[in-house]
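The structure under discussion appears below in the form of structure tokens.
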Amino acid sequence: MDAILLKELSFGYTKENLFQNFSLSIPEGDFLGIIGPNGSGKTTLLKLIAGLLKSTSGQVLVFGEDLFHRKPKERGRLIGYMPQESHFLWNFKVKEVVLMGRYPYHRRFEREKREDFEIADLAMRLTNIIDLKDRGINNISTGERQRAVLARVLCQNPKILLLDEVTSHLDIGQAIEILRILRHLNTTYKITCLFSSHDINLAAMVAKRILLLAKGQVIACDRPDKVILPELLEKVYSIRPLITTHPKLNIPWVILNLRE
Amino acid sequence: MGQLSKKTFLFCSFIGLLLLLFCARGTKKKLSLRVVSLVPSITEVIFALGKESLLVGNTIYCDYPEGAKKIYKVGDFINPSLEKIVALRPDIVFLTLPAQKIIQEKLNTLKIKTFVSQPKDFETMLDEIKEIGRQLGAEKRACSLSHFLQEAKEKIRFPPIKVYIEISPQPIISIGKKSFLSDILEKQGLKNIFSDIEEEYPIIRIEDIIKRDPEVVLILHPLSRKEEVKKRLGLEKVKAVQSGQIIDEINPDLLLRPGPRIIEGLKMLHSILSSKPGHEK
Amino acid sequence: MRNNPSLLLFPLIAIIFLSLSLGPGGVRGEIIFKIRLPRVLLGIFAGGVLSFVGGVLQGLLENPLCDPYILGIASGATFGVSLSLLFGHVSYFFIPPFAFAFSLLSLFFVYTLAQVSGRIQKLSLILSGVLISFLFSSLSILAMTFSKQPLAQIIYLIMGNLSVLFSPLTLMSFLIVFIISLILLYFLFSYAQELNILSTGEEAAISVGIDTERLVRMVFIISSLLTGFVVSFVGSISFVGLVVPHIARALYGYDHRKILPASFLLGSSLLLISDIFARTTAPVELPLSVVTALFGVPFFFYRLRRL
């Protein structure tokens, strides 16, 4: 069964629809990197799948069932969404923020149990912030904060992870670290991952498939070597970069050039 | 450690509460009538009747005569302290309506006797003085006081001059038909330019003053002086300003408090008006 | 740093004793029970509920400057008070239900106005709350202009005071309201974790499985009801709902499960202290809002400097 099936989705922020009868299928265990120019709908697509936006027509099926037919807490147990950046008005402790991810497993008035604390610790270890658990969420660096939010999402124990521009506020070291964690989650725990990125090369490094999006339409959705091609990139970005192969990994590598 | 001190604290609090309740029985023998006045004019009446020894509490605005200032203060006019009043164990509390409606209801709930003063004209004021006399055991004195005031008032006849009486400059407030002062002045001959307005203290516009063209302006508040009124924009053409007939020397309390001193106020007004050139006595 | 807000109960009990025994009337049974005890009950009710609701709204609307009056309910109640005094001979006991009726009306207006294509959004709630506030404040002033009652009396009633006297009937109705309020507070408290998560962002809350729309709607209605209850009985007491939750956060962190009960206890205590101050320090009884502001402003200033 497909983890996610988008059927004839239509959605727009204005009268003109961004997505019109958009369909896409994502099998379980997939690791999909979504690339495309600004305004192509990368963030919107992820939000539609997460249930943060509602389409005007069409369906989002998650493991066979309509997303909005499920109860909110059920959705919380299935899908984890990580936004591009997170601002915290109140300076909660890192561990308090991470524990919030256990919400979908609690009833009213249920306090956190030992199991919850253990899962939170595991999530913080996986994201390498366990030493920061007692610090204020606003007293740590942006990269550490992103990892804390990732830890919170992981506490939801989701089957699907949606990450929006997750590496754009991180330096290269932090970016690689996050991508390593995601790959580990995908291969070891079979979590279906969808992420959007401006950095095509980073995306190609971890993704099993790449979705090239432009103006709300699928330009290509396939293995990286079948999508990262000069003619397709030129069509979408209006530049024609050099494409070579990564010297160490067997993936396409985009080399930018100021002069054509 | 925490548990023990919590328990001790609760226990002590409980004992404390019991002690409080036991001490809370007040017993005092009552010897004479205990009176609280929440109205400055009634305080003056009580002193005029010679019964100030019965007065155990009044407001901070009760400032005449000198002795009134020394009486225990229960608060201000609108919101006197209920607790202070009750603590004095009064037999009767004098108040006025509608300003003191709230305190009246509270006293009624506590079953404390109240006397409402609401003199709409001079005659009612005299009746109230007699009633107060009855309540305080000074009937004879009250009777003679009210006779004296009645006769004194009759002797004061004003010429039919048009007067503008100002209670407040901003917003402009004058006195209307329902007001105590307007009633007296009109009955003694003076013409209040706003006596056709029902309201006790109407807010009026400067155009109305100009239209009605008073011959005399009577200032009954401490906020403006004669010179300032002369300079007010729009009033230059008014007769009173042109002839300089602006009276600001009279203490407002003399005319605005419905008490014995109203006669003093009227006499002062009369002598000022008579001493101006061009008017008959 | 104490970590258990329920310890705040002890200073509150001490303050209750102080409030019952201090006063110009001395220590007398009649005064304590008939005059001071209602003040204490009202003080606990008003201070506790306003602070609790203030804490809830600051988290819900992600705005540290929120207080319970931001939803426009208080101005509705104020208008009710002004309107009831328009015609002179209304009994003073009649005012609270009248005020409450108008707070319900303003609740209805704000709720309806805040709907944006069928959904309630935080921003539209704040905006409609402010709008309705302005509307009813203006209407109140209009009513005051034509009122037969002296202005000073209306203002005194509106500005907030605890010197409500009870007849057996009104005491009964107040106790019923108090109990209902406690139940509503408990109900709100059960959503403390949702409020925690919602205060970190609406998207975060939705993605973790919270039905934010239902939550916002419900919290708004209950908060408005509670605020309406308080304002109908004691008028608009300023600052308490705004400042106390911040004090609670300074002491206990940001978890609503700790801050909300702490706010209730702190708010009750602070209001009772303010009331003691208001009625014993000057020959005239000071308006309560003035005293709470006098206490609140320096604290806020101090917090601002630490930012």
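Each chain carries a letter (A, B and C) given by its place in the written order, and its residues are counted from 1.
The rule is short, and it goes like this: contacts are C-beta pairs under 8 Å (C-beta built on N, C-alpha and C of every residue); 3 or more make two chains touch, one makes a residue touch a chain.
Source: prediction; values computed, not measured.
Judged by contacting C-beta pairs, the busier of the interfaces A-C and B-C is B-C. Farthest from chain A, judged by the mean position of CA atoms in each chain, is B. In whole angstrom, the spacing between the mean C-alpha positions of chain A and chain B is 77. Taking each chain's centre as the average of its CA atoms, chain A and chain C sit 43 Å apart.
Centre to centre, using the average C-alpha position, chain B and chain C are separated by 36 Å. Residues of chain A touching chain C in their complex: 50-52, 72-77, 79-81, 83, 86-93, 96-97, 100-101, 103-104, 106, 108-109, 152-153, 156. Across the complex, chain B meets chain C through its residues 6, 9, 13, 16-17, 20-21, 23-26, 60, 73, 75-84, 86-87, 98-99, 101-102, 105-106, 109-110, 203. Across the complex, chain C meets chain B through its residues 10, 13-14, 17, 20-21, 23-32, 34-36, 88-89, 91-93, 145, 148-150, 152-153, 156-157, 161, 163, 165-167, 279, 283-285. For chain C in complex with chain A, the residues that touch the partner chain are 59, 62, 64, 190, 193-194, 196-197, 199-201, 203-204, 206-211, 249, 253-255.
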